[in-house]
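Letters are used for the chains, namely A, B, C and D, taken in the order the chains are written, and counting of residues starts over at 1 for each.
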C-alpha cells in the first residue's frame, strides 16, 4: 500500500516559472521517474529569484535540491552559481542536466480562442524578452520583424507573464535597441521571445518556433543538494572542485593542472574567480572527468590538497551526456593497485 | 582657437543609465580628461541593452568605444562579453577600469523637497532591485528591513527609474524571496537598491548608504574599440587572448599554459568557454601580465599561434591598478635580445 | 662471548688493490666499525677485474657486497656499473661513499732504505699511470717534469705494482703523450702516479703529494648487495632507479620527471643509457633525494610504475654527505597522510 | 693537375692503433672520400693516449679533428669526453659515427705462416684484453674456453700488440677472474680478445670471430674540431649542448627540458655531470634532434640561454643513422615564420 500521506519532495530552481532552468529540473525529474515510477508526481517545484537564495534554501533544508545554471545560460547566473557554491556551508552537485536552447515568438490569444487569426506577425511593434535572449534571435528578427522594438524584461519567463497579463499601459514607451534607453518595468509589447514551456504555461499563442539564430545550442545546469551520500560511479562521471592557490606566481596554475595531467585526467571546464579576499586573489573553479572514487582522481585530489591552500570538493556525479571517461594507459584503477602492490614489495611490507 | 563645431565623441556602455558600467565609463573618461583638459565635456555616453549590441555599435562605428563588464559584475554580462568579443569582426580592449561596488537604499522624495522626512525606513514594504544586487545586501536587509519584500528588476538602474516614476499600480503584488514567484514587470515598491549614481541621476532620496554586506568589492570593466593603434606599453599592462585548442586531451591546457610559463608570464584570469561548435568543444579566454610589445609575450604568442588551432588577440592595455609587471630573471627584453645575439653568433650570422 | 670462529665477511671491489675504489670500501667499513666495534677486523677485501664480475660475485653470494664507482671515477667503470646494475638478477645499493681524489708521484726505494736520496725528481724520464689520472696531473707535470713521458697503465694501482716490481726491460719504449703510440704492457718507467694508499701498499717512496691539478675533487662510489632488508630511512637518503619509457617522443622524459616534480622530489643524477634493445632505445638511470619509505617518494614510484614500461628499483640508502633531504611545503609524510584522510572523508569511507 | 706537394691532413683519435675509435675514424674518412675522391689517401691518423690529450691537440691545431667515443664505449672514455668538451677553449662536434662492436679471439702465428695449425683453441690458458671487452665475451669464453684466465690489458689493441710481440715472460702469473688479483703489466697470454682491425694490423691469426655475447651492439663516436663553419643542416641532424643551471631545486631540470618540449624537440641523450665547482653542483650534457639553424632549435637555445647560468654549444652535425628529424605539427620553420608575421601584424609593425 502506497503511503499517500507522504508529503511531496520539494525541488528549487532559478525562477521564475518557465525558464530554461525549470525545464532542466523537469527533464531531470522525468529521467529519474523513468527508472522509479513510484516517484512520479510526488515532487513540488519551487522557483527562487536568485541562485544564492535557491542554494540557501537547500542549506536550510527547505528544498531537497536545487537546479541552477553552470554554463552559458541565457539568463545569466553562472558566476553567481560558482560563487554561491564556493561560500557558506558546503553543498554537493549530484547531477548534471543539458537543455537545448530554443525560442518561440509568442503573443496573447486575441479572444481566447487561441487561433491567433486576429494578429499577423507583421503588426508586432514591440517584443519583450531578456537582453541575452534578444541577442540570440536578432538574425530572425531582422529578417521577419525589422521594425520591432526590443523591450527589456528581467527574464524570458517574466516577458511571457507580462504578455499573458495583457498589461499594456497606453503611452508607455518601450526601450529600443537603437537608443538603449530603459523604460522602467512597464510592459509595452504585444509579443515576447521565450521558451516553448513558458509560452505553454501562460497559455500564449505561438507565432513562430525555433527562431534562435544558432540552432543546436545547449546549456548545462547542475542539481545541488546538501552533502551526503555520493552518487555512485558510473564510468561516465564528472567532478567539480574549487582550488585556492598558496601563492600567485607564473606557473602556479600549471602546478595545479599537473596534478591532473600526471594522472591522465582531462579537464572539461576551468574558470578563475576572484576570491573576494582582495583584488588579485584568485581561485580556480573546474570540472574534470572521473569520480572521486576513481583511483586516479583520488590521488590527484590528495595532490591538490597538499599543494593548495584550500580545496573545495563540490561533488562527483554522472555526466549528462553519458560519455564514458577515457582511461589512458597506466591510469586505470588496476594500474594504481598494481603499482601499490609493487611499492609494498619494494618496501618489504 | 578651439574647434567648437567638432561633434562630440560617442561612447557606448551596457545600460541603462545609472549602472556600474556607466560609472566605469565616466571614471575612465575623467581619468583621460585629467591628462587632456581640452577633451572635457566633448563626449556623449550611449547606453545599450546588451553587451553584444554595444559591441556591434563599436564594429559599425556608431560609437568610438564601449565599456562592458568582464568580471564578476552585479548585473551580469561577463560571459556575454567574452562571447561577443570572440565572435564577429575582431575588436580590441584598449583600457581596463575598476569600480568599487557600493549600494544605497533610495526612495522618491515625498513632496519634492528631498528631505525624506515623510517616510521612515521602517515603513518600506517592498524594495526593487536586480537579484544579484539583492543577494549582496541581504545581510543589511535582514537586520534593518526584515519584513521587506524583494521585487525583481532587470537592473538596479531600472529599479531606480521605476521608483522615480512613482509607478505603483494599486494591488500589484511583488515577488518575495519566500515563494520566488514572479509578478511580471509591474513595479510595486517604494524603495530600491541601486548605485549612488543611479539614485542621484533620478533625483531619489538616499535612505541609507554602503549597505553592501561585503565592503571593498570591486568589479572590472573593459573599454573596447575597433582594431587600430595599440595602447603604448607602460610596464604595467595586461593582454587578453582567446585560445582554441587543436584537440581535446589530458594535458592539452597544460601545453598552452607552458607557453606562458616558459617565458615567465603570469596569468590573471582564465575561463574555458564553449565554442558553439558542438558540446565538448572549448576555448580558453585569458588575461596575462604584459604587453604584446614585450619580447617575452611576443614569443609566447608566437608559440601559441603555432600550437593552437586559432588565437584571437583581444588587446594589450594598461592595468587599472597600475601594478608594474614583475619581470623574472631571464625574461627581460634585454635577456631576449642578448639570447638572440648569442644565437646569431652560434649560427655564424 | 664473541664467536671467534665466525668466518670473516667478504667484500668485493673494483680492483686491483690500491685503487680509489678500495679506499672507498675501507672508508666505508671503518665508518661502520666506528659504530660497531665488534665488527672490526672481521672483513676480507676481494678485488675484481671489472664491475660486472664484481657484481656477479655478489649475485652468487661469493661476497656480501661490492664497492663500485658510480660517478666520475679516475679509472672508469661508471657506465659499466650502471649497465651491470640494470641487467641480471636485481641487486640493491645499500650505501654511498665519497672519496677525495688525490695523487702522489712515487718511485721504488733505490736501496730499500726508503729515503729516496738516490733519485732526484728531475731525473725521471717516464711516468706510468692510467690515462685518466695522467690527465688530472698534467699541470703539475708540465711544471715539474716537462720532459717526462707518460706510459699507459691499466690502472694507477697497476702502475704502482709495476714500479714496485722494478720490472724495466731494457729497450722497452714507453708511449709518449706526443705520438700516442702504445708500447704493449711492458713497464718502462721509474715512477708512477697513484693514490697514496697504493704507494703505501707497495712500499713506494713518495716523491710529491697532492699533485692533482684540481684540488678538492671527490668521487662517488656505491656499495651493492643482494636484495634484502632495506637500509632504514635517515632523513638524508638517496634512491636510485632505472626507468624504461613506453615510447620515445618529445616530452617523454618530461612526463617521467613530472612524477618527481609534482611530489617535490629533487634529482641528483640522471643519465640516459642505451638499453641494448636497438639503437634509439633508451632508459634513464637516476638518483633522487629521499627514501622509498617516504610517502612522497612512494607515490612518485607508483606513478612511474604506471607510466613506464619498466622501473628498476636499485635501492634507498643514506647519503654519504648526510645532507638532510629538503621537504617542500605540502610534501611531508604528514601532508600525505592528512590528504588521504581528507580523501576518505570525501568518499564517505 | 693534383697538388702532390700538399701535406696530408692529420686526424687524431683515442689510441692506441686498432681500437674501435680508430675504426670509427677510418669509416668516417672513407665516407667522406666516397663523395670526394680527390681526398683519398691524403690523411694521416694520429693516436692519442687519452681523450683530453687528443682534444688539446685539436685546440693547438696539431690535428684538424679528433675522433672520440661519446657513448657506451668498450674502452671507456665517455665521461672523459664529456668533461674535456665542456672545459677549455670551446670545440665543436662536426660529425657522428657509429661502429658495430664485434670481437675476435686472436693469437700470434706459430711460425709466421699464419695458418694457425700449430695451436688448437683448447690449449689456450690465458687471454689478454680490456676488462670491458672481457665482460662482453664471457658467455662465449665460458662455453669454449672455460679454463682460460683473463689477463687485464689497458686496451684491446694493447693486448693485440702484446700478443704480436710474443712477450711471455716465463712464470708471470695472469690475473684471473676468480681471485681478481692484478699481475702488473706483464703479458702472460697466448691469445687476446680484440677488434678485427687490431688483429689484422698486428698480423695475428684469428681463431674465432664474432664472439661477443650481445650481437648487434653499436657504439657512438664523434669527430671534434675547432670552432668554425657549421656543418650544413641536412634535415637529419643532432645538436649537443651542456647546460649549467642557475640553482638546484626540484623541477629545475624540468624547466630546462620544457624549453625543448614546448618547441617539439626530442632529446636523444642526457647526462648530469658534476661541474667540478663543488659537490652538488651539476650540469647537463645532452643531445637533441635538429640543427641550430632550425627555427625551433634556435628558439629553444635562446630560451635556455635566458634561464641557464651558462649554455655551452658543442655543435650541430648530421646524424650517423641519417634518420630524418620528425617535425611535429606547429614546429616547422614555416610555422615559426608564419607566427612571427602574425605577431608583427598584431604589433602594427
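Just so it is clear, a contact is a pair of C-beta atoms (placed from the backbone, for glycine too) under 8 Å apart; a residue touches a chain by one contact, two chains touch by 3 or more.
Keep in mind it's a predicted model, so treat the numbers as computed, not measured.
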{"item": "Length of the shortest touching-chain route, chain B through to chain C", "value": "2"}
{"item": "Averaged-CA centre spacing for the pair chain C and chain A, given as whole angstrom", "value": "63"}
{"item": "Inter-centroid spacing, chain D versus chain C (mean Cα positions, whole Å)", "value": "22"}
{"item": "Where chain D touches two or more other chains, by residue", "value": "258, 261"}
{"item": "Interchain contacts (touch definition) - all pairs", "value": "A-B, A-C, B-D, C-D"}
{"item": "Footprint of chain B on chain D - complex, ascending", "value": "229-230, 246, 255, 258-259, 261-263, 292-293, 298-299, 301-303, 305-307, 313, 329-331, 335-336, 338-340, 342-343, 346-348"}
{"item": "Chain A - residues contacting chain B, complex", "value": "12, 15-17, 46-50, 52-54, 71-72, 76-80, 83, 98, 128, 130-132, 134-135, 150, 152-155, 157-159, 161-162, 165, 167, 175, 177, 179-187, 214, 216-218, 248-254, 257-258, 260-261, 264-274, 276, 278-280, 282, 284, 321, 323, 328"}
